[in-house]
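Here come two complexes built around chain A, the first alongside chain B, the second alongside chain C.
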Partner chain A sequence: MSIIRCPHCGTANRAGSNFCNSCGTELRAAPPAHAQEPAPATAGAEEAPPSAPATEEPSSPPHASPAEPEPPAPVGDQPWLRMEFGGESEVPPFEEEDESLHAEVARLAPGMQGLLAPVRIAVRNTDAEANPERMRPQPPHIPLEQMRLVRRHMESPPVLGGAERFWQMPDMGAFHTPWLYLALGLAILLPALLMPPWPHGAPTQWPGVEEAFLRVQGLPAQAHVTVYWAYDPATAGELDLAALPVVEHLLQRRARLSVVSLLPTGPATARRLIERARLEWQRSESLTAAAESTWRIPVQYLPGGAPMLALVAQNPAQVFAGAPPEPPDLAIVFGAQAEDVQHWLEQAAPLNRTPVIAVVGAGADPILRPYWNSGQLVGLVSGFDGAYSYQALLSERLPRLERSPALDSQLVLQDWGLIVFFGAIVLGNLAVVFRRRQEP
Partner chain B sequence: MQSARPAPPNYLVIALAFAVSVVIVIDRMGVAPWLQPVTEMLYRWGIVLAAFGLLLGVLNVAWTHLRRVFLGESNWPYSIALIAALVVVLASGLFSPRGAESALTEWLFDSIIAPGQATLFALLAFFMVAAAYRYLRVGRNGGGWMLASALLLLTAQAPVSGVWMPPALAQFAAWMLDVPGMATLRGALMGSSIALALAAVRFMFMTK
Partner chain C sequence: MQDGASLFDPLGAWIAFFFTLMIFSALAGDNAVARLAQHILVGAGLGYAAVLAARHVLLPRLFDPLMQGQAGLLDGWLPLGLASVLALAGMDRILLRATPRGEPLPVWRRALHGGGRAVTALLLGIGLGAGIMGALQGTLIPQYLRAAQIGFVPAAPGYLPLVGLLTLLLTTATLLYLYVDPARHLQQQPPAVRGLMTGWLWLGQRALWLAAGLIFARLAVSRLSLLIARAAFLSDMVHNTAWWARVQSLW
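After this line comes the complex of A and B, so read on.
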């Protein structure tokens, strides 16, 4: 019986084994140990046809000739792979290996075992039983240079296929970062303190703003408007500016607002902005206390996430006490992110078919623009540009409402911030160009 | 040696989830208006369950930090600060007739919560400028496209550029968003929606 030594752990395995019974190392590439240990006549030799003619053509298979020894099978003797294999009785008995076979053999990585504990089929790992000390894992002997190479690879970012160039950019280090932060901080702080009138500009009026204005302007008196308030103080710096003219316009149109928010701090944010809008409106129209009391605006917090918006659309009376059960005339989403508007369009809008206006941050504009193009949104007001344009329309057509001075200063600050952004991008690319020139 | 058998799936929960999803789907399709009271009831239950989950979360946080304090684990003073803030906010709402609109709650919101949230969010600008400096470069694979797109959209959306930017550039920026950008986004949304539906089916029916 021939055996095959595992080149990894040295365990003797039955010839023909594909994997080591001890450590799982693949044995198909390893030659059987015929040369080392003479084995009794193999089953393959016994099964060679005895009456094969000696004068067979040279092209005939070599095993057909009884005079020639049968060449070893590629993976050893595997009778169970033959068509005529009759079962376990034909498997040659495994011979216990000789103790002399425990001689030291070369190993690929001494002391290292396989990742998975192998399932023992027939072979007892006599090595481990006879000499447990020898089988104890030893620390791998890795050359220092190889260790440094591994460490360098582990420290560098992963390299995608064929993208080595991606990570061969010149190392900018952390030296420039404080200067960038300083430049941005100064670009925000100095204009905020000095209030320069430039660069102001006139933002582009993107499609959707005028349509939103006209939709609110066309609301009948006492129209029921559902407001989904989806931003909190974190983004109020941008969203308050965009929401304020819209809420002022709604109050001016005597719309009856019902506000719902899924954010714990959403109702408090909504109450503050509505109060600001009410004060502006009161100042411009000398609103009487009696008239004011008729527009007590309910602000409701709903736990449970976006699916609960379906209840707001399906039966508003379940959420707002005293709200009419019929669908509202208009729905407005004040959201910091595009997902907020998408949630309303998916969960609520299909149920009540109410036209929807989105008032969102500038970052959400690109994602929501196609919803506006497809008609799912009847108006889109985004970022400072949208706020500026809506406020301009409001001041132009309703001269009683003045343009907020905070909006002008915000526009100047935003321009300075964008100048720093442009500068950072240009500097980063210039660094690449100059570094390349320095390279040999 | 016999391995431990996995716990059998909770068929009652799976059946409930399946029944609720079927009811909601049929109601959303609009073919059975008589199901609307049932779905409204389910939504209300969802709100109650979510509120209960919120309460459980608060109790869990409180218990976790109380234990840290009692056991003297690392950074236990922070746990005391958290529990103190929790008690103050809870008490200011519970023991005031105005509830969540009490004077103390409003002061906490205006003086601590709102400035804190705004400050943390404002830090994003610094990270963004550092990221723009490091990664929007022409030398990277695809970096030229990213740089061109970023410059185009920044230019188009900057308030100051509204003065001098030709309308054609604004229209080109809008086209970039509407056609190639949106085609990619819609494809990703469609793929994720199908994946979500398949994951739901797998969750309900393929427990192993």
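After this line comes the complex of A and C, so read on.
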């Protein structure tokens, strides 16, 4: 049986081993052929030097026929593999380690295990006692080139299993991104300036929008609603669209809102949108009187990250002055990312068991669908299409409320942008197909 | 378009207009104008956050109760002490020169560093503990229970067991695809096992592609909405100028 010697610690391991039995160094990275040695086969091998060949018959002549197979050689530092292993006394001392191993270590520089190269572990206490100077820890010397390689490894994303094949993209040629930017910019900016009436249509109403609407519609007057405001001006362009009809609806239902945000610019964004919703609402003549009686909305900034949400759920009076001690009737998360909703569901919702509606960016929708399916979310409004559907429900059930013209113009521009995206995808695929046909 | 634009102060709106153009100029390549806008944005954002933290948290929740004698040891002096240690340790790291390698630090600096590490460990430990417990009670356990309930009950409709099996199949296929390397793990397997596993991995790869495509499509729509919001803002600003009225009269 052949063995493979660990390039790090020198221990002989069975051929085919993935990791070293002694130090755990990875052995799969195809060691050089001369690192493999035949395994010990007989007794008496320990008398021979580690590099000397030994056979089952020590008296056999060294000039054996070259046609015969080479007899297996013993390995001095792995005597426990032999049947007649006598115990610790047969273990070769640390000092007898083959110094040529360090040359192997130097060639391991491209791998991560090169980091372990300077470390020499005392296998027995006697080593330290016999040579304390040698066992004193030395600062590791890592060559500059090796450090660069390590840094590059650490900066690159981790590759799991066979996933490296996933990232091996075929040669796609140049993408001509400036032209894509120009086409997209023109497709958005020109209609925004000139406002042509077409294309038009209505986006799909996804599951979760109507449920969110009905949940808000079913709130009793003066219901206490906690709002977790998890977006700021960076994503307000999309989230304002989705949040506006929901906030309008809450104001119309005369809900008592308490707004909390973990983002520094979250409260300012919240105040601006609530003011905007109030103005939209006051456009409707019949609702003006109710608008004046709106409860003053506290907007609170809380630093400290997601764990602070537990405080909001457990003790709202500590966060909002004058808030009722009992759990709110509803919680709404306005978040740009799926993580914002997950934070609320993980930190706050298990504590007060309040039903949660998520109003999020379009990109968060696929990640939050499992929470909607599991019932942890009682409503899900996402992106522009969710906003459009919610606004349509609002206009349908409350015809006195004027429909915001912003959503109609957004729909036209969104369609133009999608046409450019679709065109780029089709053209790109056609280019790849024609290119493959031209290749032999 | 942007109905809220009427709420803006006109000067602020024009500043926003030019900052938008400055940031957009990065599309033409890295340039000083775009970098200037980014630096101002980051600096103003950090300054705003610092002022907000002082006005909304530190003053009303820590310093005012301490000055008025309303704060106790645990909810007043202890947080102040921990924050002071962390702040001093941070300033030591930033402002004071490090000693040459091997030379011991003065005792007071070692104590300060130790205190800073302890406070950091406390912060990280609480954050991680809350995060792990939250993930368990808010995501892992409810999602696991929901997945386990799909269709595997006697009274479930006929299609639900199929949904459950498909969920199980796709989940295991995706996990296998992420962790199994056919070239390394399947070579020594019998042909039947190798064929089964290869098919399973193929399914996992397609499931990943489908999920990634779905997420990417929704993300592209999301970013398109953001772009439209900025374009609509620019367009509103242009529409409100006398120059645009003159152009329209010519049109």
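Here is the rule we use: the second predicted complex is superposed on the first by the 254 of 440 C-alpha atoms of A that agree within 3 Å, B and C clash if a C-alpha of one lies under 4 Å from a C-alpha of the other, contacts with A are read in each partner's own complex, and residues count from 1 in each chain.
Here, a contact is a pair of C-beta atoms (placed from the backbone, for glycine too) under 8 Å apart; a residue touches a chain by one contact, two chains touch by 3 or more.
Please read these numbers as outputs of a predicted model, since none were measured by experiment.
In the overlay built on the shared chain, the residue A:L219 is in contact with neither chain B nor chain C. When the shared chain is aligned, chain C comes close enough to touch A:A192, but chain B does not. Of the two partner chains placed around the shared chain by superposition, chain B and chain C are both touched by A:F421. Of the two partner chains, chain B is the only one touched by A:Q314; chain C is not.
Once chain A of one complex is fitted onto chain A of the other, the partner contacts of A:L398 are absent, as it touches neither chain B nor chain C. Of the two partner chains placed around the shared chain by superposition, chain B is the only one that A:N429 touches, whereas chain C remains out of contact.
By the touch criterion defined above, A:L241 reaches chain C but does not reach chain B. In the superposition on chain A, contact is made by A:E275 with chain C only, not with chain B.
Overlap of the chain B and chain C contact sets on chain A: residues 163, 166, 181, 184-185, 188, 235-237, 265, 267, 302-303, 305, 307, 310, 350, 362, 365-367, 370, 373, 383-385, 414, 417-418, 421. Contact residues on chain C toward chain A in their complex (touch as defined above): 1-4, 7, 27, 45, 48-49, 52-53, 56-57, 101, 126-127, 130-131, 134-135, 137-139, 142-143, 145-146, 177-184, 201, 205, 208, 211, 214-215, 218-232, 234-235, 238-239. Taken in their complex, chain B has these residues touching chain A: 28, 36, 39-40, 43-44, 46-47, 49-51, 53-54, 100-101, 106, 109, 113-115, 117-118, 120-122, 125-126, 128-130, 132-134, 136-141, 147, 150-151, 153-154, 156-163, 165, 170, 174, 177-178, 181-182, 185-186. For chain A in complex with chain C, the residues that touch the partner chain are 28, 139, 160-163, 166, 178, 181, 184-185, 188-189, 192-193, 235-238, 240-241, 264-265, 267, 272-273, 275-276, 279-280, 300-303, 305-307, 310, 342-343, 345-347, 349-350, 361-367, 370-371, 373-376, 382-385, 404-406, 409-410, 413-414, 417-418, 421.
Residues 163, 165-166, 169, 172, 176-177, 180-181, 183-185, 188, 199-204, 206-207, 232-237, 265, 267-269, 271, 302-305, 307-308, 310-311, 314-315, 318, 350-351, 362, 365-367, 369-370, 373, 383-385, 388, 411, 414-415, 417-418, 420-422, 424-425, 427-429, 432, 436 of chain A are the ones that touch chain B when the two sit in their complex.
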